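Take a look at the structures below.
Across the two complexes that follow, chain A remains constant while its partner is chain B and subsequently chain C.
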Partner chain A sequence: MGHVTKGAPKKPTINPKYLAIIGVAVGLPGVYLGKFSPLIPAALAVPALVWAADAIRRIAGYGLGTGVPSIGNLAIGMGVLTALVGLRYEPALGVALAALWGIMYGVIIGRLKILEIPVFTRCITELSVGASVGLMALLSAAAGGYTVDFFQGRLMPMIFLTGFVVAVFWATSMTIFHPFNACLGPGEKQTRTLKLAVGVAGIDVTLAGISALGVAGLNPSIMTLEAAVGIIFLGAAVWIGGYYAFIKAAIKESASVMWTGFPEAKK
Partner chain B sequence: MIDVMLLVLFMIGLGGILVCVGVFLIPIGGAPAAMSTATGVATGCEMITMGAGVTGLFLAAAFYTKSLMFVIITAGVSSALMLAITMLFTNLIVIFGKGVPPAFATKERDPITGDPIKPYVTPGTVGHGVPTAPYLGGVLGSFLAGAGGALAFTAMYRFSSGATLAEFVGVLPQPAPQVAAMALSVITAVGLYLINANIAAYSIRGVIESWLDPKFSKLPRVIAACFSASILFGVLILLVSIGGVG
Partner chain C sequence: MEFLTAAIVLGVFAFIVSLGAIIGWFEDLESDTGSQSNPNSQVQLAPQMGVRHRIYNKAISGEPISNGLWGATAGTVFTVLWYSFQVHPLIALAVASSFTTLVHISLAVSSHLGRTASVNIFKQPLYLDVVTSHLPLIASHGFIVSTALVALAYIFYNVFFSLEGLLGYPMPIPFLSFLLGIMAGAVGSSTGDIHYGAERQFQHFPFGEGVPSKNFGQITTKAEVGWRTSIDVTYFCAKYGGPMAGFCYALILLVDNLRLLIGNFTVILLSLITGLIILAALIGFNRYLEVWARKKFGPYA
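This part shows the complex of A and B:
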């Protein structure tokens, strides 16, 4: 049994740079590889979402004046607009716009002295890109993979008209803000928070799989039943695996409870 | 085409400003208000902004063919009604459930009614419930926020369904709604509300007592930030919905 050291500086054990590189380098090709099987973007969305959860972890430690969920919702608000541009024209363009617009938003907030946090611009850029890549991968997985004429032919009639987009939208928002919101406190550790992030990303993938099941029922030519069920099982496996690792880590790192006996009665 | 796009950008920017000014007028208490240790509605800034904006959005989506003025005013009234009922029930719970009178500590007397209000503040708190002056400010604020939400949504929907310049402010001659354009506009509008809500939330630091609060003087800077951020992300919305969808 380990014990929690209060007030110790929070040292990230995984460098955020590696998370960023893995998130983009895995998530963006995942969107393009969706034409082979929708399972690929569903699986490769997870690193980008975990990276965004790590960015929340770094920025929300400053005390923003509002809750942690608000910055997750900000990330998803920026992410959905850039992701839609990416899915309409070119996913790589969406990632570039997400980075550029994130920097410009950070500059506006900093210059007008709305919020003066040194890492704000950097973190908001990471959040914007992470949410954008994650949403692009999940939306393209739910609509049967990114192909030519994806936006008009598949995304609009299958995901937007049916309303599945709302489920994926809010679940992704929760994937980004929930891990740090649940784990924050003096004994917060990066590895434990990110294990929870993997688990919640599994919930998100499962929801995208349920949307894909609906798409398979509507139009079997773009989404097979097997692939939809495959996404659900994949998501459930990530969900259970992430939570299993998280609970194991939480038990290992929790403070030990000692039996000290009854206090002596006053005479 | 350029004139239509500029009009849409301007409408989105104006909608962002209205939402932001609305938030500054609504008495937001956050978590302290839920424990009756601060004046205001007991929820966070972002949820109230979303609530007011989405109420306006519902009305704007229901009256999608009507003229812009009608849509904005109806949406504002519906949003004001929503927040008025919320604040009324906040007061009912605070007065009859917890047994504390609505009060705030920033002023000696209520500026509207002239009643002494500071003596009723419980020591150790900064107020509780929603007194008359913040109540009226909240009704006006949610009117503005709902109108702004409706304005931004209407601009996005009419642009993505391919309206001409005259149809933006006048009646939209559509026999049936274009559902794909509406679904896309709802998602982009919600994204925009979230972006503006956060600027307002960060500048008020979570708690504000309507127009009586000293933080109200920050408003010009926040309006500039909201306008520029709305225009910035409005460009992306134009890119997504240009040329119609579905």
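This part shows the complex of A and C:
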């Protein structure tokens, strides 16, 4: 394998279109299905987050380097505002708003030639929608499922006033940008990055479960203790599974693995 | 104002500042154990320049972001246990920090393994003993950081309600520890990293010449004895970088809370005036320091 020139997009193993379709088609119904059990949105948030991590991978593959965390935070900023609108009125409206915002942002940045990335508009839209869907699903899971009067009755007093939202919010941002930031380099591979994305999404779901545990302790009529513990176990399983697959892949794909030793002397 | 209340306020104030010093100190050493933040780009570049090394590459994210996550995670777990389930604060603190350490270790492992696997075409080997020997150091420093962050947030929150709003902030603990964590990361990145910068990372080049771009990636890989690991860097930074970062964080807490305290004890306008005086004093001192340094060491090369 020769040197990969900086800025050239690498050929993905999994088509991003499929990831996008799975992310929206699974994540958005997950928000609505929360009224049956909060475990459903918690589980269905993972594909949306993995999709957003893949979008970061495509956008930052153009040599963004230190800008990776920044663009992750930008995504989560757009995501959290649209997620709030979505949870207040209608989750589908939140997704539409996120897409609109992403397109607007991409067009403005493209016109002003601030970042000359050909796929910027498309990727930033995907990021915004992915972050919005992921956050809506996780917040829906943490506050006992999306129902009528979810925003005023559950989300605000239980998640925002107690401050539990911070962990979910920031861990979602970490889930979106950490996989690519950790795997950045000329030998980066989509499958390895996405395995890590699943693992970090597990951490995010675990934190949502811990927030749900706090809600269950405060108001058992909103959230049962069993469901909260279920989300924590689900998140831990995804966390361990994703990390197991990632560490195996990283060890297999490293140039050489040894328990100890010294690098060869420089010629 | 009773004498006793004033004494308690000052005592708590001193405790807050000392906790701040611990946070800054350990945060900086934690980030140096793994060359997070500023030195990271050179560590990442080294294999591409043919320099293979035994240095830990902990590219979780920038320091403010990762420390914000430790603060937010520990604060949330703490609040869940302490506020929702009425667990004793000390036990809740220990559990919260332990859980945060698990998250921290996970992200630290994935960044080193991922980055090493991604430079495989430059034949950088993955040394597992580097991972296993650095992780306890990272975890222990991170544990102390998250413990101190949540303890500080808890004190700020509780003191506000018990001391009639003289000190502290009426904010939920997760928000407070999150903001304090971001602040700790910013201090460690701006103050602490100066002491693990060009001179340490390029120690085998002549001192004081800065880093010309022809030397990019040619980092020092040999230590005083044997090959350099990030543990050697931590040992070095524990003398200057860590204490300086702790001093900076403590100074921020001291000066800012002093300003608030003066206003809260008297009239709020005085707090504004104190802030302006402090600002003027800092600008003047920095100007004096720069002029003095230029006179002593000559102009910038």
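Note that the second predicted complex is superposed on the first by the 244 of 267 C-alpha atoms of A that agree within 3 Å, B and C clash if a C-alpha of one lies under 4 Å from a C-alpha of the other, contacts with A are read in each partner's own complex, and residues count from 1 in each chain.
Heads up, the rule we're going with is that contacts are C-beta pairs under 8 Å (C-beta built on N, C-alpha and C of every residue); 3 or more make two chains touch, one makes a residue touch a chain.
In this text the structure is predicted, and so the values were computed from the model without any measurement.
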{"item": "Which of chain B and chain C A:T66 touches, first, second, both or neither", "value": "both"}
{"item": "Partner chain in contact with A:G217 - chain B first, chain C second, else both or neither", "value": "second"}
{"item": "First, second, both or neither for A:A43, with chain B first and chain C second", "value": "neither"}
{"item": "Which superposed partner A:G163 touches (first chain B, second chain C, both, neither)", "value": "both"}
{"item": "Partner chain(s) touched by A:R88 [first = chain B, second = chain C, both, neither]", "value": "first"}
{"item": "Partner with the higher number of touched chain A residues, chain C or chain B", "value": "C"}
{"item": "Partner chain(s) touched by A:L115 [first = chain B, second = chain C, both, neither]", "value": "first"}
{"item": "Partner chain(s) touched by A:R192 [first = chain B, second = chain C, both, neither]", "value": "second"}
{"item": "Partner chain in contact with A:M78 - chain B first, chain C second, else both or neither", "value": "first"}
{"item": "Partner chain(s) touched by A:M104 [first = chain B, second = chain C, both, neither]", "value": "first"}
{"item": "Shared contact residues on chain A - chain B and chain C", "value": "65-66, 69, 73, 161, 163, 165-166, 169"}
{"item": "Residues on chain A engaged by chain C in the complex (per definition of touch)", "value": "1, 3-4, 65-66, 68-69, 72-73, 161-167, 169-171, 173-174, 177-179, 181-189, 192-193, 196, 199-200, 203, 207, 210-211, 213-218, 239, 243, 246-247, 249-251, 253-264, 266-267"}
{"item": "Chain C - residues contacting chain A, complex", "value": "41, 44, 48, 50-54, 59-62, 65-66, 68-69, 72-73, 75-77, 79-80, 83-85, 99, 103, 106-107, 109-111, 113-129, 171-175, 178, 221, 227"}
{"item": "Parts of chain B lying in touch with chain A, wherever the complex brings them together", "value": "30, 44-46, 179-180, 183-184, 187-188, 190-195, 197-199, 201-206, 221-222, 224-225, 228-229, 232-233, 236-237, 239-240, 245-246"}
{"item": "Chain B-touching residues of chain A, taken from the complex the two chains share", "value": "64-67, 69-71, 73-74, 76-78, 80-82, 84-85, 88-89, 97, 101, 104-105, 108-109, 112-115, 151-152, 156-157, 160-161, 163, 165-166, 169"}
